[in-house]
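All chains are identified by letter, namely A, B, C and D, in their written order; residue positions are counted from 1 within each chain.
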Amino acid sequence: MPHSPEEKKRVLARVRRIQGQAEALARALEGGADCGPVLQQIAAIRGAVNGLMSEVMEAHIRETFGQPAGDEAQREARVAEMTGLVRSYLK
Amino acid sequence: MPHSPEEKKRVLARVRRIQGQAEALARALEGGADCGPVLQQIAAIRGAVNGLMSEVMEAHIRETFGQPAGDEAQREARVAEMTGLVRSYLK
Amino acid sequence: MPHSPEEKKRVLARVRRIQGQAEALARALEGGADCGPVLQQIAAIRGAVNGLMSEVMEAHIRETFGQPAGDEAQREARVAEMTGLVRSYLK
Amino acid sequence: MPHSPEEKKRVLARVRRIQGQAEALARALEGGADCGPVLQQIAAIRGAVNGLMSEVMEAHIRETFGQPAGDEAQREARVAEMTGLVRSYLK
């Protein structure tokens, strides 16, 4: 998950970008960079992680609700799973 | 929104609690409280606001996806609305 | 805390604004507002609470480090208090 | 920055851990992991990035305020720099 090849590719590209940002941060720290720029880099990584979380959540919504539920029980199970995810990660 | 009377009541109770927390904070500030406890009160309000946002989002998911869509266009519109909300507020 | 009258006034004004935003939100919920605008109002409150926390923290930094420490022990105690606050609330 | 060898080592260890978490996430995504565990991994990375930011900020406070300022102007400059950092990153 996410299942569609384009979504998977997009999510993986975000993870790779975060890895690149972390690598650049490690080099900056090793090079003795000042605190201001270092915090700026960390804030950028934080933003990228939030963007990644949103992308995965959006993909999951599309997959979960993009097709009609087979029956009422399945619909309820889908809704319960999604509200649980929102409760856990919307903070 | 949220439409069900119990959910509306629950969400309103959360807002009222936040108002009470803000009122207590105002009194603490007027009384010259120390920084530590003041920050603790603010952090508690922040947590309560996040809990409120999650509750509203969960109620919206239940309302949006709790009934089958009338047709494919409606299903797509629902999914698009929900992914847009997640993108805007999951951070 | 904050001790200076202008800072106290500024911080209190922020708390009053948050109370006003919460009151407007309660009215919107009672009036049956749509989920989108409601989430927007909650996000605005979240931003205001973060701004309040920052303002209080900044005031505390000014008060703590605006005057020279009496001795090494006091300087260390100040630094320890401030790093503890950052660790607790920077998230 | 951070200047002390132990702090630099500790901060770098946090960055390396985040890189490891991102690598594990990439592998999970490539392996088709479910959405729930993927979101859990992303939330753990988010927590680690917040911890890193706090650690860097704390180190900076220790360095900035661990020694007496040479004069009033330097003291004010230090305070102004620190309040600016808090305003930028406490959110």
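Assume a residue touches a chain if its C-beta (ideal position, glycine included) is under 8 Å from a C-beta of that chain, and two chains touch if they have at least 3 such contacts.
Composition by chain, UniProt nomenclature: A, B, C, D = Metal/formaldehyde-sensitive transcriptional repressor.
Here the structure is a predicted model, which means the values were calculated and not measured.
Both copies, subunit A and subunit D, contribute mostly matching positions to the interface they share, with over half of the numbers common to the two.
Centroids built from CA atoms put subunit D at 19 Å from subunit A. Averaged C-alpha coordinates give centres for subunit B and subunit D that are 28 Å from one another.
Multi-chain contact residues of subunit C (touching two or more other chains): 50, 53, 57, 89. Taken as a contact graph, the chains are arranged in a single closed ring, with each chain touching exactly two others. Pairs of chains in mutual contact: A-B, A-D, B-C, C-D. Against subunit C, in their complex, subunit D makes its touches with residues 50, 53-54, 57-58, 61-62, 65-66, 68-69, 75-76, 78-79, 82-83, 86-87, 89-91. Across the complex, subunit B is touched by residues 1-3, 8, 11-12, 15-16, 18-19, 22-23, 25-26, 29-30, 32-36, 38-39, 42-43, 45-46, 49-50, 52-53, 56-57, 59-60, 63, 81, 85, 88-89 of subunit C.
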